[in-house]
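Next up, some structures in structure tokens.
Next, two complexes with chain A in common: one pairs it with chain B, the other with chain C.
For the complex of A and B:
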């Protein structure tokens, strides 16, 4: 076993040596889970890539492959980028975690950055954004905007990142509207306009007049527009083409500063494996313009909430909070620690339904 | 005026020539597409077809062709037997998923035991899972005369839900911090479908695919059952007089294609993929249908077609990252291949003739 893997490494190192000779530009690779035109998650990562190109100009070369399935295909795409001489590779979906670690082992001199995962190595960093801070603002607006008191939520996969968002949105909707109820549909996809539209339609038929989404396309916005009086929020990207209504605000992932900083670190030789989790304060999470469809006082409160998080004065998960089963979670004034948040696998009190498992 | 005239006998020459003509036409029209996208067509097509085989990093891509092609060939071989007899299993993707679930489930049940018999048990379980899933449309067709195309296709979506369910529940990695997905079988030696020779891409799935090609060839050419399969497809009435039992043939063809698809899923999950996850399936079961037809439903043809398909996948990825071609353009390119194949297929059964237009 050992001998075999030694052989593999030797073979690949040989290839690497021949590939890395004539190279002065820093080469940065991006692996995307969706198409760059998804208008959401991948679109924003690609904007980050373009920002890297803008910032460094001739000193950098970027490459990308889009719509890469999570699994052996991702491993091959990453290996290919490393073979072609990439110095830094961003792998931008949770499902790329094991492939990233596998490829990183074979290419110890290439730096890898995996989005939203938890496995690190000497040459693998992980990074993610505190989307749940944006969800707090969204929940606040949603709780105020709903008339039917039913808020629909399109979940992608029941993983901690998504569950955190649901909890955060619910807590803040409930604060301003004690009668509010969440209906959650799991789409089991990050990007599938047809499925997302179906999910939105089902939620609207069940009486939801606000739709929150953790999927990447604008299909739910289109479904809401068709229904007429349903409020939505842009996800990952601004989705401003649906403003001022149904899209009344958005959570925007701004990866550009992080991508530029990490590329710079590789150029300077100061790159180190890190675990980055930035939010509104650092600018990785932004709140898109709140439109005039939202009453002025609600908008003001929402902006105040955002400012409080930016200043580090407010944490979206502040006690007293109980878990769904009624057991105590956070005491009065206590805030959730990052460890619990990172692995969050429970709903807070008041949410109905079970997390699929 | 040009008219189509049916040939008295399908042209043997054309049936061999059409795949080649289709590939050439795809290159020409694909080249036009790439030119419109502002890329050098020679370079783009060269990257797709040349780079994986003879490029600088071919030492890595060639083994990857086996990894990518093996499940396609294995599934397509099973499908081709049914297709020849007019039995349409469209749900190989679902059988592939069930094979993976059964195979991985059997392996994980032994975790962390270290024993030589675990992998063979997984192989049998994987084949059984796929077979079982294919037996549903087979049984319904034999017993109630349902349409196997619809039933097998619908069961794909059921299988996808099962996959999501076990990824989140039954097979979830207890040490995975609540994230969906099973333990990684690559890190469990007794259950790992490792490369037989490091760096060669040869894993048990590749070996099985090659055995399946030989087996199918012998079956179709030397065995009574193979004769029955061909006869049923080509002349159903004659088959009846020859004493073919249609129910048995349906059970056999669907069962075998299901078992092979299940094996493909099992070898994939225990080898290249490693984990049962919600997005485990990436469409091999559907692509295999294209491979089966591209290979003229002939075992050797399927072997070549599987290789060609794998080549366009891997070459397509290289073209994306090296030349900045969009993924959609690569998919259009692959679609063209099937389109032209079916289009030129016409020439096997018809000939084009210039006819005088007659005054009515």
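For the complex of A and C:
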């Protein structure tokens, strides 16, 4: 209690001190898991932040803290932001979920937006993108491009978002290449270029000639380039500096429209807790240019797949699909519901290995 | 699960690569601490070395010049630490932390225009005859030159500390700076040299990551290696060969566990992921049962008037 009242006093004092100046400016805070120059995940969130500044000009002030570890330290950073008068705080990594909820309880007047999580509150929204739609396109290209039939996958943490990506990529690679095999390595980090490069190298040494990554830096791209004959995909950001080869396409997260809309809502006083999950159709997930390293017919099919998802005609998780243990999951023509997808903790049939619990 | 997919030769070769940045940084810090100075800025000096080396080798096209620049970059940053702790007599822990924070930010600034650039490749040395020996050849004799520099440096530091007058003086300063001062040794001067050496080594270690292990520039790319190097020095009981062993264990198990994962070995991944830390600590703690202790004057500020 004492701490809470201390915080409140401090908040009021700060509010009084800065109130006069800050009244007409909306302050938006961003908490990043990696450095803004990671070339991937955080880089794109920061692009969203810059877009907010561009769009609103003088009416908005943004602040950000980068390389914030997931855990108690994140709480400290968010508290600090809230105390400094932020009206809206975006916390941009899965591991910030509980810290966000905790801090949001202490600051009921500050709006929080947590990326890729599932816990909401009156002043906490969650938002994410349907990356698995992009993974479907990747899987399609990867299945066609591999000659060794071994596709390496660098996972970060075994959370539903990552598992969805693995499943989606595998289903679509298998569809075009029944012999395909996935080798999955968990790096247990979002951002550690040296480790990510090591993981890529290990997968390449064990025969993979396509590398998919769910970590944030471009290090696996560099490792693949060094190896020569290995295909990669940009993750979270276009990573076009490695095009046309090894990077043959990419999944791009476009957060800008969402960040602008939510900031606008706070300004208008219309902000409400929401659960947003947008995909290719809404433009939150984009597919980066498919380079000439991909055969023309494969490229055409991949674009058709993308178009079908954009039009809402095709769902990447469409039955018949079985779980890894052989039990039925989706019947012929049935599509997965969002609830199952949001909590996905199983592999589909054909994938080897166990998901760490 | 198919262990046959792990190629032991490639595995050993890549574990040596993974261990080298850690080894370089740890050897440098070991000398610094032997001189009685605790520099927690290893991470900062590494990352500045990483970008200095990267920038210079991209601009000149020569990885060698890059490594020279990395050593200079790391040493220049450590000058800041010298200024704070040896001239202004500031607290070493706080100064070291500040050095790390400063290094991370400063390197991000310096590296703005180098994101996505491919550095020139150093290439591996192929020692004639030796590198053609099956198994041993690819493991021992087909690496980049800096990897050998790391091992040579370990040997040199060990021999210097143990057998030479310079080493004796350095240790004396680290054990009891007042006594060393009374004997007429220039305590500050010796410590400054040690700190610069440590900075240069850390810089080399950083550049090894950005030029050889990854190779690219990304902000914050050392991602904590400097802190592991600091811990390694303590667990290695300030002994060069143990630092080498620790670095190889840590690097080795990191690579090995990734290999085991990729091969689908049925050990829970959580255990594999934590194994490098646990095994390295365990082995070095067992080894340090001989009660070798820290330099007595470690972290203490020296002023001639005391």
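Basically, the second predicted complex is superposed on the first by the 335 of 357 C-alpha atoms of A that agree within 3 Å, B and C clash if a C-alpha of one lies under 4 Å from a C-alpha of the other, contacts with A are read in each partner's own complex, and residues count from 1 in each chain.
Everything below uses one rule, namely that a contact is a pair of C-beta atoms (placed from the backbone, for glycine too) under 8 Å apart; a residue touches a chain by one contact, two chains touch by 3 or more.
This is a predicted model, so every value here is computed, not measured.
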A:322 touches, of chain B and chain C: first, second, both or neither? neither
Partner chain in contact with A:175 - chain B first, chain C second, else both or neither: neither
Chain B versus chain C as contact partner of A:55, first or second or both or neither: neither
A:356 touches, of chain B and chain C: first, second, both or neither? both
Which superposed partner A:35 touches (first chain B, second chain C, both, neither): both
Partner chain in contact with A:25 - chain B first, chain C second, else both or neither: neither
Contacts of A:203 with chain B and chain C, given as first, second, both or neither: second
Partner chain(s) touched by A:79 [first = chain B, second = chain C, both, neither]: first
Interface residues of chain A shared between complexes with chain B and chain C: 35-36, 67, 158, 188, 356-357
List of chain B residues in touch with chain A within their complex: 56-57, 59-61, 64, 67-68, 160, 164-165, 168-169, 172, 177-180, 184, 186, 189, 194-195, 197-199, 268, 272-275, 277-280, 282, 313-314, 317-318, 320-322, 324, 326-328
Parts of chain A lying in touch with chain B, wherever the complex brings them together: 1, 4-5, 7-8, 11-12, 15, 18-19, 29, 35-36, 63-73, 75-77, 79-81, 83-84, 94-95, 98, 102, 118, 157-160, 188, 342-345, 356-357
Chain A-facing residues of chain C, complex: 5-7, 10-11, 14, 18, 21, 104, 108, 111-112, 115-118, 121, 209, 213-216, 218-225, 254-255, 258-259, 261-264, 266, 268-270, 273
Sites on chain A touched by chain C in the complex: 34-39, 67, 152, 158, 183-186, 188-189, 191-195, 197-199, 201-203, 205-207, 217-219, 221-223, 225-226, 241-242, 352-354, 356-357
